[in-house]
Structure formats: structure tokens, C-alpha cells
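Questions regarding the structure given below will be posed in turn.
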Amino acid sequence: MKFGGSRPRLAPDPDLIRSLAKLLDETGLSEIEYEAGGQRIHVARHVTAPAAPVASATPPDAEKPAIAPAGTNGATHPAANGHDDPGTLKAPLVGIAYLAAEPGQPPYVRVGDAVAEGQTLLIIEAMKVMNQIRAPRAGRVTRVYVGDSEPVEYGSALMLIE
Amino acid sequence: MKFGGSRPRLAPDPDLIRSLAKLLDETGLSEIEYEAGGQRIHVARHVTAPAAPVASATPPDAEKPAIAPAGTNGATHPAANGHDDPGTLKAPLVGIAYLAAEPGQPPYVRVGDAVAEGQTLLIIEAMKVMNQIRAPRAGRVTRVYVGDSEPVEYGSALMLIE
Amino acid sequence: MFEKVLIANRGEIALRIHRACRDMGIKTVAVHSTADANAMNVRLADESVCIGPPPARQSYLNIPAILSAATITGADAIHPGIGFLSENADFAEVVAEHGFTFIGPKPEHIRVMGDKVHAKAAAKELGIPTLPGSDGALRTADEAVAAAKAIGYPVLLKAVSGGGGRGMKLARDAAELRALFPLAQAETQAAFADDSVYLERFLDRPRHIEIQLLGDGKGSVVHLSERDCSLQRLHQKVLEETPSPGLDEAARQKITGIAVRALETLGYQSAGTIEFLYQDGELSFIEMNTRLQVEHPITEMVSGIDLVREQLRIAAGAPLGYRQSDIRLRGHAIECRINAERAEDFRPSPGRISEYHAPGGPGVRVDSGLYQGYEVPPYYDSLISKLVIYGGDRPECLMRLRRALEEYVIGGIDTTIPLHQRLADNAEFQAGAYDIGWLERVLADGDVTRCRRGSC
Amino acid sequence: MFEKVLIANRGEIALRIHRACRDMGIKTVAVHSTADANAMNVRLADESVCIGPPPARQSYLNIPAILSAATITGADAIHPGIGFLSENADFAEVVAEHGFTFIGPKPEHIRVMGDKVHAKAAAKELGIPTLPGSDGALRTADEAVAAAKAIGYPVLLKAVSGGGGRGMKLARDAAELRALFPLAQAETQAAFADDSVYLERFLDRPRHIEIQLLGDGKGSVVHLSERDCSLQRLHQKVLEETPSPGLDEAARQKITGIAVRALETLGYQSAGTIEFLYQDGELSFIEMNTRLQVEHPITEMVSGIDLVREQLRIAAGAPLGYRQSDIRLRGHAIECRINAERAEDFRPSPGRISEYHAPGGPGVRVDSGLYQGYEVPPYYDSLISKLVIYGGDRPECLMRLRRALEEYVIGGIDTTIPLHQRLADNAEFQAGAYDIGWLERVLADGDVTRCRRGSC
């Protein structure tokens, strides 16, 4: 019952805790942690034993937002074209990527090629301007993420140079 | 960048937790953590020693809602008048509680009194009817949560009998 | 006007009534079962009282508990909402006996309209057209054929003491009627130990058309035109719109006039709705609901009149204060009832709302107590949200409906949003070509649930 | 009509434009910075393109990136929204040069109204009343006094090459003017190496009144009456309403007529707003905004006209299709700008939305991309939601405003909701007795932030 008013605090839902506790029993797990939309719940039943290293695998669509309105899909955060490897070459601008100087000609580089710093790797056309994308440093092209004549957005991964 | 659309899966579900638990068995891992934008699930099993009982302490106002609309306060879940002690005597109906038979007379019981099963402890008036609230079992009154002539709602704690 | 109103209901309608009260500066008392302690209407209310455990019998139908709650909170009026005690004449009476104002019609009007038989008789007296039928039982096939001649084929043979379709026979002509009559009698005899049967006109593709009315109990009555509630499944309304895409203007004029005169004669007070079957330009009385309807918001959208506010004003003794000629209806409105059910098989889906995003922008109204983290309880009906769309005309309304459904996210449970999305994309619905049997036929075909825009 | 529109903006206005497009069945392309990848408008869009890092210069103001995004997504039109590139005539031109339709006015109209000096001159030519002043510099105190006689006191002395208040002097009569004139000249000389000063009528308590207009570029122009945007803080609008509680009907008639004729003369195309200062029955031109306004929804609520839809229709070459006489304004509407700021000191408060519940029910519209779990980025302006309230009249609208503010929950960050709650409870605001200086005076008094109903 309430009469008049003062603001309550954020609080975990005991029923959720109870149901997770039941799941611990049922599955013999010692920890369950769940996070969604700013809320996180973590239940554990601790027994002595050293924790093994976490095996964490991120699925391809990891950055999809939690909510996706009906009939549409989530926007992919550019960082999600992901591969946050330091050797990843990312698009510095929006446009169309070309892997070769001219249609039909061999590409500037192929996977496995060694490249010198400053060497042209591909072209991104924006507003009729052909922007040469050059290697930031010497290395070897180990992956090409973008296809010829494909649109790229700012920050999307183009190649991996190691 | 996205083109077109499809609807993503919704966590949290016990089946997911169960299947992850099975994976722990199968792989011999002791923890699995999975994160997908806004959502994260983490299960672990630390082997050796029998599982101890769950220590899930519920904060006093655990049942208060997470959201409190501006300018109003949260509704208190009756169970949150709380004291989920088995000895708690709860109001079986809505009404006005009277601790004595007549105004000015001594109360039926005081803290510290021993009470017999079936003994009248207080009265709740509802629609002009005086409902005698009796002791469910013999014991000692260790707390009285409600004041004389106070309104009580269904399920609110009246007394503690131990 | 009232100082404090107790809302004897739950869910979105309790929230709707709370909003109307707050819009008028009236304090609210929410009564709730233990299962609804965290419901949005309870949390927004100025005061709240837990009146019992989850079963409605012990809480929302618990008259002593509700009256005690009104007493201890010092409420001066009680709004029964929809369902539960809203059409319980005894409750309306006992509320008054305890010195509270019942926000609704006079008990006698609730009572007469609450009984199907009396209601049809009353309707006839009031000049409201009813389904043509043989008044009373028919003894012989000849009597039946004579009656059918007057009624017009096809006709339905029904058991007088019947119900549940037992002994019901459909006859398309006199020959068929003669053949079926003895069978009907026999079946009826077997089923109800009484072989008296009667005839009624059979409608094969009627629409459900209802007229919204407001009376102040002082002789003033206005109508707010019709709502078309023909989109039904198992007699449950799924989507409603106003104006009806299928009601003939002459029929609309005629029936609204009859309905207004009928309630003037009754001296009806508060909001009320008369439901009709409509086919071949004819309207036939089904029943009168002496309460607010779930679908009332679409009438509010096109009329600009807040029906709950009117109920409160009228209950407080205020006159309507406007005439029929003051009422201007504008545009088109549609309501989608969004239930916590699987759109495929309508299996109930209570549970925790893991994510929530309601549509907004122009022409979109959402009546719902949902929020992220809310637990939809399994004890009550599955209506969790009413998406109400306004458009300047029906095509605009339909476009906006699609857009709003695209935006609406309710995670953690299954809802009927996908059903409404498919309805919005259905050509026959878009053409307004549907009757009360249409949705079930389409669902049976599996048509409506066929995939669209990769949304399934 | 367009197939696919690229929305070159962010936040609630990008969502608003998305909704208008979807209401018309038009596909949308959202362009966004890396900071806005999870914004609701991006997630609802049919397609989205990341165009750069958080700084607007490199993303929302990055013309090549926006045009490239339009090219690779095959959009056929670009809506600039509000702010950013919406009043950039060069952008409007280059958009057209690249074969896309710019959804907005003709570049020349954007250009002339974008320059304060040219705009005032253009306004005068168009017969729009401007603030009385000495046209050009005054050499002597006698000239000044003569000019002031024509203008009327109080007058403000300003530096011709001025700005920033340097050399500004307020004179209430001739004596004061004579005394201040040399001082103004000296200060101006010191500040701008040029001692030429001019006079303008000084308004001590003006209201901000703006007229909403729509033109189809084919000679048809209509107005949708005014919006009162006098509730401002540091020249930022806080709350807007229509109709204005302070505008005299004769003045309304006069100014709307002048505004319509002016845009007819210009052959203006798309939505536009002319802003005025209003005092003592006189309106004086401030500027014209050749774009949508943040507060456009209140005009939509009372007129039933979707302004973004009209922009799209007009840009696609459609004529208005209605006359001034077809427009019916009904009721009262108020918009509260809800910012991610502390209500006490307006300190920005970006961050994660930990809980969210938007108000609903009749007469409540929310334009916001907020959802639980959304991260309000620190890089852009702090407007996170527009609460738009409709009522049959101003008192009803004010009551509903209070109710809706009571219901609105935005957790995890500070917002200006408490400020709006206190405004709604302020007697002077309720009386409509405010001018553009009122809110800052009240804030200085600490009046408006005083506690109410235990909500602080």
C-alpha cells in the first residue's frame, strides 16, 4: 500500500534470481550471468576450485542491437565489420571500392602479396573522385574483406596487412 | 551497413542456459560466456565439492519496481511488507485492524505474550463486519507490525509469532 | 467533480481510466491482486491497495475487498472499467448503498441489458430492429414454412430451451425446411427434453457494427457513429475501425437515429454501445453493452471526445453540454488489439518483457501498461496493448498502421503483432471486404500468416 | 513520389522524417556517424550508411560522404532535417547537381534568408514589418534625437559594424539619448575602429511569435497560424504552444495575411517559418527559417496536417491541393523539449538510458528515439525527446501536460522533465503571462525550481 510518494530504488527481481537458482540446481552449474539493456544479473553458488580461463566466442552478428524493430534488421556498427586487428585497413571514406586500376586488369594486390609502405592497395570512388588507398606500412596482405565495385561505408574493414 | 531485414532472436531463455550447461559437459570447459550487443550470458561450473545452498539475499525493497514514474512512487508488493518468515501472520483480507476489542481497552496481545492456537490476536473490520484474526498455532508474539485502527491490505504482515 | 476515484480493474483499461482522472486533476486509487503489484497502473496511481490473491474471484471480483479499499482510502467514486464487475447490476447497487458513486449506468439498465432474452425484448419495444424470427415455438412443419415465408430464407431452426448449437438446422428453402423440421425437433427433444423449436433469419456474411452512445440520464443522448468490429476470431474482436468501410450511409443515418431515440426513451446515463449484425443493408440487434468498450479509443480519435472523461462528468451529475449537431467526426481510426499470444496458433505467452519500444510520432496512440522488465501474469486475459492509429482517411490510416507495426518491439514474449502486420498487408482487408467470418476463413487458409517482407 | 529518401540528419528529427516517409510507403536511408550506429532512426531505416566519425564536421556536415551514401544506396531525394546542412544553400545546389532532389526550398530563398542583413531588407521589400530603426548611421546627437522621435522611445543605440553588445546603449528619452550618444560613439570607435552608430526601437518584454507557412513553388501559399515560442533560456526554446495565449486576434489576422502574400511574391516552395517579436500589438520581423522547425508538431496537432509529408509532396512536384479556407485549426497544443540536462543547472547529462517509460493515452504524442539501453552520445545537442500534448482547449492541454509529465520516466541520465513539471505548475505560465525574458527571470528567482508535490 502506498500513500503519498517517494521514489523507489532500482532492485533486482527476486523471482528471476530464484528461477536462476533453480537452474543452477537443475544444471549443476555454479554461475549464471545474464545482461540485457543496462541490467545485469549474476548468480553463483561458490565452492572451492580455481576458475578455468574463460572461453569466449563472439558470433558474427555480435554487434546487432538488442532491439530490432519488426520488419527491419539492426544497424551494424562499422567496428563490427569488426576485425579490430591493428593490421586492419579501414575505409577512410564512403564510396565504391575498386581492387584494380581498370575493369579487367589485374588487382593492385592479392592475398599473400608483400606490400611496401605507401603502395596503392585499392581505390575508393566518391563523387567521381578516385581516391587511392595506400598501405600505411610495409607488410603482407593476409585478407581482402571487400569485393571489387562493392560499396563501403566509413570505417568498414578493407584488408588485413600483417 | 544493412540492406533488407530479418528479425533477431530474443534472450533470456532457460533452454539456452541448459544447452550451454550441456556444452560444458561435452567440452569439459568450466565457463562459457557469450555476448551479443546489449545481451550477455555467462555460465560456469567449478567442479569438486557438493553444491552449498544458494545464498540469494533479497534486499529489503527488492519487490519495488525498477521504474518509478516522475512525481509518483512505486507500489509496494505486499510480500515486501515483507518478513517472509514462516511465523509471519498476514492479513487475509483488506480492512481496518483493531488490536483491542474496544477503544481504550487493553490489546488482545502484546509483544512477548505467549499465545495458544486459535486465540484471537486482533480484529480486521471490513464492510462493518468485525473479523477475528486467530493464531494459526501456539507460540510467542515477537513482533506486531500493524498499529491500532490502521488500514491493512491483503497479505500485509500483522504479527510475528515464534 | 470527484476528488478521488477508485479504479476497480487492471491492465491497460485501468491505466486508461487513471489517465482520464489525472487529465481532470482527480486522484486515483488502484486496487490490485498480488500478481499485479508492479503493474504500471498501480505504480502511477496516487494510492494503491492489494485486495487479494491472483484469482479474479478473490480480487477483481471480490466486492467486499473493493468496497473496503474504497473505505480505507476515502475514495468518493468507483470506476468498474471493462469486464469483471462492470456489468454487474448488484455491484452498481451495493456501491451506491455504501455511499460511493458508481461510474456507469443506472443498475436497472445494466440489469435489463445483461439478460439476452430481456434485452432483445426491450430492444424491440424501443424500436430497435432485431433479427426476424418466429416469435415463440413452432409445433408443425407447416407452421415453420409459413413463418419462414414471412422471415425469408435462409432460416435457422433453433431449440427454444437450447444453446450450444444443439438441434440447430440451416434451411435454404421450404423443401429443405420440411425435411429438417422433424430432425430438429427430435434432436432438441433428445438434448433438452423439450422439442419446441423456433426460426430465425440466417445471415451468412454479416458485419459486426456497433453504435457508440452517450447519455446524461437527464434526457440528452448523442451518438458518435459506428465502429466496425467484424475482424474476429472465436468471437473475440481482433481489430476495429471507424468509420466502417462497409456500412451504407442511409443505414448509418437510420440506425444512429433509432439508437439515440431508444436511449432517450430509456433515460440512459453514461457511455453505452449497441451491437448489431449488418447484412444486405439491414441491421439487427445483438446486444447492448452498458459499459466502456475495449475499442472506444478509435471513436475518441475521430470525434475528439474523451469517453472516459464523459463517463466521469456524467457520473458526477454534469449534463452532456453539447448537442448532436456539435459533434464533428473527422478522419479514420483503427485499433489493433495486441495480445500476449503466438500469432501462429494464439497460444498464450505470458512472461517477462525483455525489451520494449513503442511506436510514436503523428497519428499514433498506444494504450498499454507494458515496460521493459514487466512480467505479464498468466492469470488474466492476454490483451497487453492497444495500438490506435489515426489518419486523415482510410488509406493514410492503413499506411501509418503498417509503419507503426514495423516500429513496435515487444521482446521476451510472443505477441499478435505479426498477425496485425499480415492483416495490414492483406488485399481484402485493405479493400474493406470482410465480414465476421472472414478472418477465421483466412486463418484457415493460412493466407494471412504467409510470409511478408522477410519478417518471418 | 520518391522511392527512397536519404535522411541527412540524426536524433528525433531523423526518426520523425523516417516516420513520414514510411507513412507514405517511401524507403529510407539513414546516414550516421560511428557514435549513432545504434540510434533508433538508424535501426528503423530500410538502409543505413556510416558516413564518418562522431564530429559533425566529418559526418553530418560532410557533404561528399552524404552524396556518396546517396549514390551507393540509389536514393532519389535527400531530406536535410533541422540544423546541420538544412539551411546551407550550397548543399541544396550540389544535391541537385548530383541528380538528387533536395527536400526543401529553392537555394536562392535559403541564401537570401540565411543572411540577417539581406533577410531584413528582403522582408521590408516584401512588406513584412521590421523593427523601426534609423536606416543607416547617425552622425550627431541631433540626428539621433530626430530619428528617435520617429521611432519612439525606448530606443537602443547600436554599432553599425558592431555585434556582441559592444557600444549598445538603451535610451528612454531624448535627454538620456543626448547624454549616451557620445559614449556610444566612443565605445564603438574603440571596439570597431568605426564610430558609426544607429538606432532601433527597444522592446522590453516581447513575445516570440512565429508563423508556419507552406508554399508549393507554384504560387500557392497557406499559413497554419502561429506558434508562441517565448519560453526561452539563453535564446534556446524550451516549450512552445499554439495558439499563443498572448497574441491579439487582429494582429494574428494582419500578420498571417502579410506573411502569405510575402511568400506568394517569392514563389516560396516547401515549409517555412517567419519569426517575429510581438509587443504592444505590433509584430517585428526577426528572421525566416527556410526549413522545418523543431516545434512543428504542435502545428500538426491543431491543423491535422503532417508538415514533413507536405515537404515530401511539394519536393516531388505536387501542388498544395488545398486553399487557406480548407484549413481548420482545432484545440490547443504544447511541446516540451526534453533535454539530457540537469533541470537545476542545465549541465549536459549524456549516458546510458537505464529505464524508459513514455507516456501514452489520448492527446499524447512522443517524438523520441530513446529506448532502454540506448546511449545518449556526448557529441551533439541535448534534445532527446519532444513531448507533444493536445487538448480541446488550453486548460485541458495544461492538465494533460501535467499528467503526461508525471508518467514520463527516463532513467540513468538527468533530464529537463522536472523543469517542465514546475513550469506546468507555475501560475504565471498557466495564465499565459510570459515574454521571452520571463523564464530566465523566474529561473534567477529560483521560483520555478521550487519543490512541488514532493517530487524533489
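Letters A, B, C and D mark the chains as written, and numbering starts fresh at 1 in each.
The working rule: a contact is a pair of C-beta atoms (placed from the backbone, for glycine too) under 8 Å apart; a residue touches a chain by one contact, two chains touch by 3 or more.
Predicted model only: the values in this text are computed from it and were never measured.
Enquirer: Measuring between mean CA coordinates, which chain is farthest from subunit D?
Expert: Measuring from the centre of subunit D, the most distant chain centre belongs to B.
Enquirer: Specify the chain pair with the maximum number of C-beta contact pairs.
Expert: By contact count, the leading interface is A-B.
Enquirer: Go ahead and note the Å separation of the Cα centroids belonging to subunit B and subunit D.
Expert: The answer is 51 Å.
Enquirer: Using CA atom averages as chain centres, what separation in Å is found between subunit A and subunit C?
Expert: 49
Enquirer: What whole-Å value do you get for the distance between subunit A and subunit D if each is reduced to the mean of its CA atoms?
Expert: 38
Enquirer: How far is the middle of subunit B from the middle of subunit C, if each middle is the mean of its Cα atoms, in Å?
Expert: Each chain reduced to its C-alpha mean, subunit B and subunit C end up 37 Å apart.
Enquirer: Please output the residue numbers of subunit D that touch at least 2 other chains, ranges allowed.
Expert: 38, 44, 46, 48-50, 355-357, 371-373, 406-407, 411, 453, 455
Enquirer: Quick check: what residues of subunit A touch more than one other chain, meaning two or more?
Expert: 1-2, 4-6, 10, 13, 36-37, 39, 63, 65-72, 74-77, 151, 153, 156
Enquirer: What part of subunit D is in contact with subunit C in the complex they form?
Expert: These residues of subunit D touch subunit C: 15-16, 19-20, 22-25, 40, 44, 297, 300, 304, 306, 330-331, 355-358, 360-368, 371-373, 392, 396, 399-400, 402-403, 406-407.
Enquirer: If you look only at subunit B, which of its residues touch subunit C in the complex?
Expert: Result: residues 4-7, 10-12, 63, 65-69, 72-79, 93-96, 126-127, 151, 153-156 of subunit B touch subunit C.
Enquirer: Which of the residues in subunit B end up touching subunit A in this complex?
Expert: So the residues of subunit B touching subunit A come out as 1-2, 4-8, 11-12, 14, 17-18, 21, 24, 27, 29-56, 58-59, 61-66, 68, 71-76, 151-153, 156.
Enquirer: In the complex of these two chains, what residues of subunit C are touching subunit B?
Expert: By the definition above, subunit C touches subunit B via 30, 32, 34, 37-40, 42-46, 48-53, 59, 64-65, 67-69, 71-73, 98, 354-355, 371, 373, 411-412, 453-456.
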